[in-house]
């Protein structure tokens, strides 16, 4: 089954030709979601009764943090596909995702830190969530460092997938130990980034932003993957047919 | 079979102990790093007692990450890695043996010397015991996790600080729980030990397989 | 709602706008990366085709 | 050669052993080969005798001390038995690799430049061992720069320009 699927949909050629049709739709989706989310989030949603207008940073912080984690999940899943079934597309997906994931993690850190200034009074607090995002950034950077050191493509893919998989196994452990560490050392601090119950007029823009961020990731990922595919398959007949 | 594996561990250890500097340097590094902290932060006993677990754990972590990088280095240079790859035993088992011998020669000395360093940092007797127990439970995790990185970077020449960057994030849970256990009050401590034990079992379950997979990739640059 | 209110954002403007500015920056960096890569790929591909198919 | 031994996967094409791809069941395939590469695979800080023991442990082979002694004698190394490998010359280490071929029998030998660093005595020794292996229905793939003097049917593939014909 898997083999058949990999022949039908996951061959580089099939992937390249199919995604060509998707691209315009994804771009439309990104523009719609982000513009609705931005306008509704910045101007229409009411101010929070506790944090005033300051909570509006949520519309970039939470989507970027969510996307950053989702990207690591995508990378770990591709890593399994690479290690077990040697699917080329998965390897390309993994290597193209890393830089995007790192950039979103960085964004989540920056926005979280900016949000922290009005809420906590300092730019940086060793809060459980910010700390685990920081560690996620380290994981991404390690992955990228390993990738950039190895030259040979096949080795690069498989070495990177080992480290991605190890990271995925560790990530929940790291997250929970950081949460635990946080409660241990500063039990009194309540994480103000928590939003236990949220009004629909605040929630819908947030969901729209999350979808928009994910679609943006998908768009960038597909474009990068298509470049990679062409370069890796440069010697094949179909690349010549597609491009000439 | 057990007999064979024990012999393999024994030969590995003999090879390390034969060149004293390979296991003495990490130990010396560990001691020096710990001694730097009182010099940097001042000799205040209260402060030092509070910071001691963290200092010793960070120093142990750095020392192990430096020594683990050479886990497969000589084997790869001498071509012995090929024999290991062709062995009739499962690769993960052999890797596990190698990691055990690394732990015995590089980590156990750290654990043994740590009470002395705890004494220098004014730890009470009770905390000294906690220190030794947590190090005993925690350092195998560090060795096992490090072996994944060592296998991935074995063929990469001049990899410098790549291995620490790669592996450090994986060490964070052990570091957190390990130093917290020493600081904790005596009543609540048994749960912490259980956590350390869980980390050790988890890393024993996963790390040898990932290390084996990494060795099979055979990165050569 | 006038321009001043929008920029001020109930006193939080100095935090909100930089956050969105950084977001814009990260998006732009990603897009720039893709554009750069596409250009490079096109260059390599056209070079390769010239050498192998048009001679 | 490293691809044939299954250390590296080929970019294109596949390697078949008994009609199945070796990477399908790498473990079983690798149990049947003996590999001799550019590097010797000798632990420099152990004696030759210990190296013998270690290498046969890895393949679950339990030779008695007399067999090890015999093999070392056959390759002319018995006087260095308890000397650490790092104190030996390269030619002696190469001979030790030959001893290992004898010690741990395997049907399929993959030999990469087996003649390098061997003196003429060692080369004769190598041919003796190789012919013995082949007459016991063994298979060997050999990459070499010299002409091979083998008394058994042999298929030669010249890669690139032949050096001497």
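Quick notes on this structure:
Labels A, B, C and D are assigned to the chains in the order they are written; within every chain, residues are numbered from 1.
Please note the rule applied: a residue touches a chain if its C-beta (ideal position, glycine included) is under 8 Å from a C-beta of that chain, and two chains touch if they have at least 3 such contacts.
What you see is a predicted model; the values in this text were computed from it and never measured.
Among the remaining chains, none touches chain A as well as chain C. Each chain gets a centre from its C-alpha atoms; the one nearest the centre of all protein C-alpha atoms is B.
With centres defined as mean CA coordinates, chain D is found 36 Å away from chain B. Inter-chain spacing, taken between the CA centroids of chain C and chain D, is 57 Å.
Chain centres here are Cα means. That of chain A falls 50 Å from that of chain D.
Inter-chain spacing, taken between the CA centroids of chain A and chain B, is 32 Å. Shown for chain A are the residues in touch with two or more other chains, of which there are none. Residue positions of chain B touching 2 or more other chains, listed in rising order: 218.
Interface residues of chain B, counted against chain A in their complex, comprise 145, 148-149, 152-153, 156, 159, 162, 165-170, 172-173, 176-177, 180, 199, 202, 206, 210, 213-214, 217-221.
Within the complex formed with chain B, the chain D residues making contact are 2, 5, 7-8, 27, 30-31, 33-35, 37-46, 50, 53-55, 57-60.
Within the complex formed with chain D, the chain B residues making contact are 1, 4, 7-8, 11, 14-15, 18-19, 74, 77-80, 82-90, 94, 218.
By the touch criterion stated above, chain C contacts chain A in their complex at residues 1, 6, 9-13, 15-16, 18-20, 22-23, 26-27, 29-31, 33-34, 37-38, 40-41, 44-45, 48-49, 53. Contacts from chain A toward chain C in the complex involve residues 42-43, 47, 52-54, 56-57, 60-61, 64, 99-100, 103-104, 106-107, 110-111, 114-115, 117-118, 216, 220, 223-224, 227, 230-231, 234, 239-240, 243-244.
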